[in-house]
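Given below, in the form of structure tokens, are the structures.
Both of the next two complexes hold subunit A, though its partner changes from subunit B to subunit C.
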Partner chain A sequence: MYVAVKGGEKAIDAAHAWLAEERRGDTSVAELSVAQIREQLALAVNRVMAEGSLYDPDLAALAIKQARGDLIEAIFLIRAYRTTLPRLGASTPVETAQMAMCRRISATFKDLPGGQILGPTFDYTHRLLDFKLAAEGEVPTAPTAPASLDAVPHVTAMLNRDGLIQTEAEGNDTPPDLTREPMELPTTRPLRLQAITRGDEGFILSMAYSTQRGYGRTHAFVGELRIGTVAVEMDIPELGFSVEIGEVELTECETVNQFKGSKTEPPQFTRGYGLVFGQTERKAIAMSLVDRALRWKELGEDNTGAPAQDEEFVLMHADNIQATGFLEHIKLPHYVDFQAELELVRKLRREALAHGEAAE
Partner chain B sequence: MTDQTAYNFAYLDEQTKRMIRRAILKGVAIPGYQVPFASREMPMPYGWGTGGVQVTSACLVPEDRLKVIDQGADDTTNAVSIRRFFQRTAGIEVTEATADATVIQTRHRIPETPLTEGQILVYQVPIPEPLRFLEPRETETRKMHELEDYGLMHVKLYEDISRHGQIATAYDYPVKVEGRYVMDPSPIPKFDNPKLGGNAAIQLFGAGREQRIYALPPYTQAISLDFDDYPFTASKADHACDLCGAPDSYLDEVITDDQGSRMFVCSDTDFCGSRRAAGHIGPMGTPSAGG
Partner chain C sequence: MNALSIDTAARKAWMGLLARTQPAHLAAFMPDLPDHAVLRGPEVGAVMVRGRVGGTGQPFNLGEMTVTRCSVRLADGAVGHAHVQGRDKAHALRAAVVDALMQTTEAEAVENRILAPLRTTETQARSLRATKAAATKVEFFTLVRGEDK
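Moving on, here comes the complex of A and B:
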């Protein structure tokens, strides 16, 4: 006798219990603490904060622990948590020109006011496995120099003094909020930048890479890449002025792109912009390339049909939480649809075979 | 698990529910029209019913009795997960009986038992745009709806007939609502399409990832697209249920061994169970509704 499939509830509980055990792993190995993840896997924490759109290193570290190191799963946990948070207000725009920097490089000028600061970078390391780390040795202390307290102007601001680079329009409009309003196409640049900064690093990287290989080429130079902390200020209506409520670490990238001029614009350099939470420079550079590629219409360039020029294509597919959810939903049962297809294919086959026999 | 008291009734905060209710009301006012709404990130993945969950969350009141089905069944894993979510966050009563439920969230089926006035049927929708697979661009498809330009859809149906001798769509079969909007009924089998029109219940459709809500108010006309000489036919496996003997319910095919043996059972588990409890026994069934 046939017994209908039952017990989904029990199966779910058992699966989750097993998952919890697997997450912990071998109990004879010490458990990871959230603080260890926050301090020693900081770049993973940064990615989770950036794509989770929530600046909270402790929660991001907790999410990574809970997700067994699956960063997209961790981002998902953060996003779901973020949904439930009340909105207290909006900060005033952060001043990246006032950033306390740990890294600042320009690929367009050998030296410039404020100097080049390499900072804690993987660049120029030889990618050789360091077996000393397996032995968990102490790291030698890095040499230090006194920090400069002066504000460091942006490279693009210096270029703009000569009118060599396009001036960005200033505005006091409140930018739209991707997480509070449905995306309507065509969008505006602030909304595009929002979508890209929380978009999947891999997707944005590949889109940017495709422009470098000729699909919507924009010829980008890294005018400036800076990483550091900025103060977050908020206007308090009762006080009548803004107060500093904290600080966040940001990576900002401005590209300088060749531009031969168009019907509407004289020849000058143009910009791509990237701004991402934490030390996330691959993402910030990629973001600025994709931003620049998406600006073809505003600059009067040709649409070559490249994927990175296609706003709808880029924005609709950049979010890894949407993508992974929809991709993985095909694991869910589809008996009903499949049954309908089965009936249809059987019917079509019957008719095709009958037709074939009649023809013979 | 997280502290439950930290969340509002039915998870979403009241402002968000209000925003969703406004979208629902607009949808009800313009049947079949896809209303953009600011879909929230939910604690379950996109594509797993987040649109339906948000609509249900916005509709639930503490007195509600909720039923959740997936593929017609109450005990499929995702249905269990969503039902538990609302038990946990809203503390509402749940039921498996279609007739007892005030809100029913469904994926891929309309219950066999006819719905009544006052009931709300919430569909989980993966792709709300019926024209999407003919035109991938949202900017284009919105224009096509605005202009009531459904030529492309008719051409597709015509091409089906010229190639296969019939319309080769078995599920997710588009309908025209009140002579205006072409609407995607979500991937229900076309067997269920006749229940869309003239239904006494409110039917709400939520697509979370695609940020759309649409609706069929009670007794709305919804006609499956067809041609005069190739009329729409609802189809199902040509069998009766092997457990309860129902000749007219939608059936799942279950493979019972590796020799090609199979049986057919109602996809609607509540319908099948209540029939058996009432003494209708199919060739392979037993009287117990538990199965």
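Moving on, here comes the complex of A and C:
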């Protein structure tokens, strides 16, 4: 229960003034610019865009600066901002097969058309602190090699030629949008993917990890992981045709999973899918594992009671802004609630003590 | 292919280029704007970006992106539209003016003065990125196996 109380304005103003001062830190150290955050903390920017569910690197960088590097606070700022924007429309589905890739690897095939492209990865680094970065220095230039700009087909498309992998149901239905209508259970796969792609990276990671450890095991291989830019195209009613309105960087992960077949389906591989804004590889892989685990009913698998198979558990707890809001509201004044509890405990104690005395 | 469809393809190409370009690049090639009336905007909004399940299946909502739109009419009546990525209103206004100019007798001059250099910049950036990626392509070689001895 909340009761309107006055007071505290001066304290709040002083607290916010101090916050601004602390945000700036030691003024003898140069101030960070938004452009520096955008360019040099790009993976933090990507996470804020993915979970803020708004692709705009400058805004995400500003949010990170304002939030003093607290990424969930930054995501909160982005979510709040996006509610102020009019919705101009929806894009046609992006063509990830046409992606201009900076990274593309497959754990299932060594030699594949288009090859294995490592891209700017942390993989194979030694994870030793690099003290050269603490000193200003020259940046080495990345080597180049002759390249083709042709589109590279998906690995799953190659498997599909032999019928070895399940085909995704085609369709062009307008997908449900959880930012417009509250999520209702049971959900559909498009709605689940929207909820997971904007879900908390740590939560999705832990859910995916739980499936690997045996809680809803799905035996996933990374069939393909690709990172790169795709064009975003939208139908413009006044023109009568669609135009490109920009391009976004995406990470896409497709897993290939064991499936022994069912009464209606022959044994074949099945798929889990992850698609996330920005270079967000851990999240995209985790997303594809969680997506696959949630498909148990559709594929006629056993529900082992694993958390990752429970769509209510996964989808209702994946959003870090909802979680933060509910978690942190308990620090706000609950004076009247607590007064009632206090009265109750005092009364019960009086009764208990009186009862004890009477018994003696 | 008839003339109309060629025009549409060309128009789609320049509108896409204008949408993707950095606002500062466009401004550098276009410091002054011709006389024009703004019909709509510039207005900042969001577009829901969609993907497909498994890359090929049913559409789903991936998340929004910021987009600014603008429509203008030039003195000679040509109408231009723009939807550009980001929140830069001057970018959307310039893109709409270029779209209108490309429908006038100015088209060739605008193509040479503005669109061609923007296209070159974009092609070079894309090509540089692709060549850096190509340099990280793995060349596998098989080690000598024990039984080969």
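In this section, the second predicted complex is superposed on the first by the 346 of 360 C-alpha atoms of A that agree within 3 Å, B and C clash if a C-alpha of one lies under 4 Å from a C-alpha of the other, contacts with A are read in each partner's own complex, and residues count from 1 in each chain.
Quick note on the criterion: a residue touches a chain if its C-beta (ideal position, glycine included) is under 8 Å from a C-beta of that chain, and two chains touch if they have at least 3 such contacts.
Computed from a prediction, not measured in an experiment: that's the story for all the values here.
A.B. asks: After the superposition on A, what does A:Asp173 contact: first (subunit B), second (subunit C), both or neither?
C.D. replies: second
A.B. asks: Please tell me which partner, subunit B or subunit C, touches more residues of subunit A.
C.D. replies: Answer, by number of touched residues of subunit A: C.
A.B. asks: Should A:Tyr124 be classified as contacting the first partner (subunit B), the second (subunit C), both, or neither?
C.D. replies: Neither partner.
A.B. asks: Applying the document's definition of touch, where does A:Leu327 land relative to subunit B and subunit C: first, second, both, or neither?
C.D. replies: first
A.B. asks: Quick check for you: in the superposed arrangement, does A:Gln339 touch first (subunit B), second (subunit C), both or neither?
C.D. replies: The first partner, subunit B, only.
A.B. asks: Which partner chains sit in contact with A:Glu312 here, subunit B, subunit C, both or neither? Use first/second/both/neither.
C.D. replies: first
A.B. asks: By the touch definition at the top of the document, which applies to A:Ala80: first (subunit B), second (subunit C), both, or neither?
C.D. replies: So A:Ala80 only meets subunit B here.
A.B. asks: Please write out, lowest number first, the residues of subunit A touched by both subunit B and subunit C across the two complexes.
C.D. replies: Looking at subunit A, the two contact sets intersect at 82, 86, 179.
A.B. asks: Over in the complex, which subunit A residues touch subunit B? Could you list them?
C.D. replies: Interface residues on the subunit A side: 1-9, 11-12, 76, 79-80, 82-84, 86, 179-186, 312, 316, 321-322, 324-329, 332-337, 339-344, 347-348, 351.
A.B. asks: Note which residues of subunit A are touching subunit C in the complex, please.
C.D. replies: Listed in rising order, the residues are 49-50, 53-56, 58-59, 82, 85-94, 96-97, 100-103, 110-111, 115-120, 142-149, 154, 156-157, 168-179, 189-191, 193-194, 197-198, 231-232, 234, 236, 238-239, 241-248, 250, 252, 254, 271, 273, 275, 277.
A.B. asks: Which of the residues in subunit B come into contact with subunit A in the complex?
C.D. replies: 6-7, 11-13, 36-43, 45-48, 50, 70-72, 75-81, 84, 107-109, 126, 137-139, 164-166, 168, 170-172, 187-191, 209, 211-212, 235-237, 242-243, 250-254, 256, 263, 265, 267, 269, 284, 286, 290-291
A.B. asks: In their shared complex, at which residues does subunit C touch subunit A?
C.D. replies: Residue list for subunit C touching subunit A: 8, 11-12, 15-16, 19-20, 43-67, 69, 71, 81, 83-87, 126-138, 140.
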